[in-house]
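Following this line, the structures themselves.
What follows is chain A paired twice: with chain B in the first complex and chain C in the second.
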Partner chain A sequence: MVELAVFFVFAAVAVIFALVVILHRNPVVSALSLVASFFALAVMYVLLEAPFLAALQVIVYAGAIMVLFLFVIMLLNLQHQREETTRPIQQALGYVFSAAFGIGLIFYLIKYAWIRAEQTTPFNSDARAIGIRLFEAYVFPFEMVSILLLAAIVGALLLSQRTDLRGRPTTGVDHPSGQNPEGAAASPRTGQPSFDAGQPSPAAASRRADPHHEGAK
Partner chain B sequence: MNFDSTDIILSLVKIAIVVGALLNVTPIMVWVERRGSALIQDRVGPNRVGPFGFFQSIADALKFILKEDLIPAQASKWLYTIAPMFGLIPALTTIAVVPFGRAFVIPERIVFGHTLFAGGRLFEPIAADVNIGLLLVFALSSMGVYGIVTAGWSSNNKYSLFGGIRASAQMISYELALTLSAVSALMVAGSLRLVDVVQHQTGYFVLFNTIKIPAWNVFSPAMFLSFVIFTVAAFAETNRLPFDFAEADAELVAGYHTEYSSMKFALFFMSEYMAMATISALIVTLFFGGWDIPWYDEPATFFGFLLSAMAFVAKISVMLFVFVWVRWTIPRLKYDLLMKAGWKVFLPLAVLNIVLVAVFIANHWI
Partner chain C sequence: MTWADTLLLLPELIAATGASILLIVPVLGGRARGHMAKWAMLALMAVTALAVIGSTYAVAGVQQTPTFRAMFAVDAFSVFFKLLFVVVIALVTLLSEDFLSEERYSTWEYYSLLAFALCGMMFMASGVSLITIYIGLELLALSSYILAGYYKNHEESTEAAMKYFILGTVSSAILLYGISLIYGVCGSMRLSTIAAALSTMLSNDALMFGIMLLAAGLCFKIAAVPFHVWTPDVYVGAPTPISAFLSTGSKAAAFAVFARVFYVAFPAFHLDWSNVLAAIAALSMIVGNLAAITQTNVKRMLAYSSISHAGYSLLGIIAMNEMGLRGILIYTMVYVFANLGIWATILMLRRHAYAGESVEDFRGLHKRAPFAAFSMVVFLLSLGGIPPTAGFIGKYFLFAAAVQAGFGWLAIVAVVMSAVSMFYYLRLVVAMYLEEGSGAETIYSPSLRFVTALSLTVTLVVGFIPELPIRQVIESSSHLVGRVVQR
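On to the complex of A and B.
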């Protein structure tokens, strides 16, 4: 009875915040709502008697990935402009396919979720049990995912590497001229150079009077 | 799960103990910090209110309550208001999984004709004895960064924003080293529960058949390195000097809480000191034997519990004083040095340490 109440409260929280994520115009609010949604999802794991997965859900998604997201969003000065639709057909197709996917998902959930719910074999979500499964039965996929992630990291490093005029790699912080390369120079909303670089560029100075985010109004 | 009313009352008592202790940490630590910094810098420090200025914190708290609560006109009001709460909640809840004393049996007792604690009941001095123990600590403490980041962003002030951005980068970097260095303590104890980690440290290392050293992890050759890494990362996680880049008074006015005033600012203040207390409790639990009293076997009674709880508090106090001591001794690093140290020194060392401890365990050296 208590569990049912907890489930419905947190299911509602998860859905509401998930809606905020896609409907709110301010990306920072969206990111924070996603964190709240992940938290509510972690409660679901606890209700399923898998506290280990709940903790991992919070540590990995809410604690690490979303902090990185927020970090990037805060650095990117995102404006709240609506892009004009240049290709209406693509937009229409997008709506159609996502609607079809959603309806299909709901259909299959309704059709099969009831049957699945009756199988109540005890699920061992002990850290030890999961570790043993992961490194015995699933060691190959596990290692493949590791390699995939490693490739992603190397790719990100390669893409973000900056070069000076002669094509030699430089780092963003210790730029030889004492001024940061273009990308990192302007801070999100103020147009001031970040990390104590030299004078602001004229473009940054003209942007200084920008109105900022949602709460301003 | 089946509860009876005694369980619920005992849980409430434990929560009251833990939260009460944690709420009192802030005023006491503020006093220790101000008097301690005065001592280190050869000044007098606050000495007007009460004996040795001990009630200065109460005066400060009153001042915080009475000050006007300003919200900057251009700030994002909602986020600006909830950011201090984001910061406070993880700091308050994390301590729940730390055992604060020796378990003891409450004997059966008859009060007004009602039998209480029928047949004796075990009192485990831990607010939430969950299987995942330390993972819950990391899950909750990783939420602490949102308070700082949200505060920095919503204030709409460039200094605040820099503070928030720096805090997020710094906390992500050092969280890895923090978690990985704690892993070795778990490997040795073979459990994620902090009760087991403490239990594992209650014995002795015997040298030359004569000298008995408490079997605390910090004295074990395999674990000393992880203690060092964990402590350094703990300083970074709590944003204390030499890692206080989120505030960095000399560069960023007051960093992420530049625009905050009154009780909202006080909440940040409280959460900083509570986070310090929590991480000190963790250091003590993981590396200094938790509530274990060296060279003394406390009885499994209420008296033994009191003694062990006092030992635990004493160890935490020493750790907290180290935090103050370091703050007024070591200057702030440069930002790029902080990142370099995190990613190129402490993270590889932490991974190396895990391998080292694994070798020790595989050979039954510890």
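On to the complex of A and C.
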């Protein structure tokens, strides 16, 4: 009975904070609510007798990953941006489909809520058991993930570095206000994008005319 | 796990090691020698191809050898697709040469990411467990997101990469949700164990929901309607060689997974899911072809045409018979080569302020580049499914499979929509041969010439002597079909 009460309290916490994540306008608040939602999920793991998973949930998700999220959000220094207006038909379709999906899920939840799970062998979730399975039965996918992460790191570096790989500073839409005073001056903050895709930016044009850069080839 | 098992992994190991070496070279002073990267990449592809062929000899006589706790299999099916992937990546490497030298982007990392993508695709073709398939798919997807945004300073490319990334991760989440439901019902992620568990099971909502979510995730990867919205924007915004890669290699890999998962794991519930997939296929063919008619941008037109081709290929999965599986294999190959040839022609016209994108750029092409114009006609006819070309053979197999399986109405939709598609394919032919105009400048580099010539050869050879590829395909698919017949 106590378990059931704890479950419902933390289920409500998880759902409410999940709603805050998508509804709040301030991204910092969204990120912090996600942390709260993750904590509530960790309680679920405890209730399912998987304390090790609960600890991992707190350390990895609520701890490491969300702190990284917060750092990125704060470093990006997001201005309050107006959301792009979508066509009403798109919005309506979005609501209809997500409502249908939600109703379907609730329907199946109710349908299966009355089925008692058979008592099977207790789930062994201590660190040792998980480690053995990870490095024995699942060692192959585990190693595959390392390749995946390597590709992800390469991509993150490629997309985020400020100079292109030949050592020249990048100009253009990446950093319209950063290291590019000409570009910033050419288009005072009107809310319009500084440069059209087809039109080379003044800075890019000057770069092309600069014989030094030609020599750098 | 023994040394023999590791040998089976050789192609993937070589691709991953090669990708890492391509990353290290610029650090060791190779940055200035960017033009060497192409040759290094082509050498890597040659070695990988040899390893793929070699791995078949390691399992000679054995139809299927699942290793690593039945998560990875080297069989004729996977070898067929792996060889196709290696060829596609090699051709994309050739297509990328001019783009990289012109735009002055770093070459080594670009090819390294292509090699990582190849590694992911090969894992997808060989995966016989949902978890290995999923990780392979993510490896391919991550590399593709980054490559789609490789024009860092172009707004369109960045937008394409963002759209592709966000929608792609959502679809991956849907896929994972489906996998977790299937795992929950069957207690295993191995395809053969799932099939065994399902054969004794009655239809079950949680399972059907899982299969549908899995299909939805895969439909996103092959760009079938209603999961197609990202396709036109990404194909137009991404660097052109990457659009070529996304519309050929990436799709072929997704079809390999689609075919293996549904043919091996879910034959028991064929009646339940085939109607849903039939609706998706019909929608893809109709929406893709009708939307393509109105396009004036050739890349956008190709994007919609690729959506409709996903619809045709789905017929092979819906049919769930020998003919259907063979149809998927043949059609994937045929479609890949015809498409790569068309992208090569677009790249040829691409110089100076984005030419090669509108239909007008193709005007009078037969005077300036007769070979390119002629091969373009062959590729377009092949996509349309006109007899002497390879496309006819592929479509014949798919449509016949659908009729055999009792989906006659779907075959009729497919035939009608193929006729519709000829309308917009022929518009390009008319522009090239009958209309006069200066059009875009053409610079036909040896690499592009080679890609066109190879694609043309494959398209014509498969069209004129289909016995050879068909025999190969029958060999490659018989062990999967065997399972279907047993049921």
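Keep this in mind: the second predicted complex is superposed on the first by the 147 of 217 C-alpha atoms of A that agree within 3 Å, B and C clash if a C-alpha of one lies under 4 Å from a C-alpha of the other, contacts with A are read in each partner's own complex, and residues count from 1 in each chain.
Definition applied: a contact is a pair of C-beta atoms (placed from the backbone, for glycine too) under 8 Å apart; a residue touches a chain by one contact, two chains touch by 3 or more.
Please read all numbers here as calculations on a predicted model, not as lab measurements.
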| item | value |
| --- | --- |
| Partner chain(s) touched by A:I110 [first = chain B, second = chain C, both, neither] | neither |
| Which of chain B and chain C A:M1 touches, first, second, both or neither | neither |
| Touching partner for A:Y138 - first (chain B), second (chain C), both, neither | second |
| Partner chain(s) touched by A:L23 [first = chain B, second = chain C, both, neither] | neither |
| Partner chain(s) touched by A:G155 [first = chain B, second = chain C, both, neither] | second |
| Residues of chain A at both interfaces, chain B in one complex, chain C in the other | 173-174, 195-196 |
| List of chain A residues in touch with chain C within their complex | 104, 108, 111-112, 137-141, 144-145, 147-148, 150-152, 154-155, 158-159, 164-166, 170-174, 193, 195-198, 204, 217 |
| Sites on chain C touched by chain A in the complex | 1, 16, 19-20, 23, 26, 31, 68-69, 71-72, 104-106, 109, 112-113, 116, 119-120, 123, 129, 131-132, 135-136, 138-139, 142-143, 145-146, 149-150, 152-156, 158, 161, 205-206, 209, 353-354 |
| Of chain A, residues touching chain B in the complex | 26, 28-29, 32, 35, 42, 51-52, 54-56, 58-59, 62-64, 67-68, 70-71, 74-75, 126-127, 173-174, 187-190, 192, 194-196, 212-216 |
| For the chain B and chain A complex, residues of the former touching the latter | 74-80, 130-132, 135-136, 138-140, 142-143, 145-146, 149-150, 153-154, 156, 158, 161-162, 164-165, 168-169, 171-172, 175, 192, 251, 335-336 |
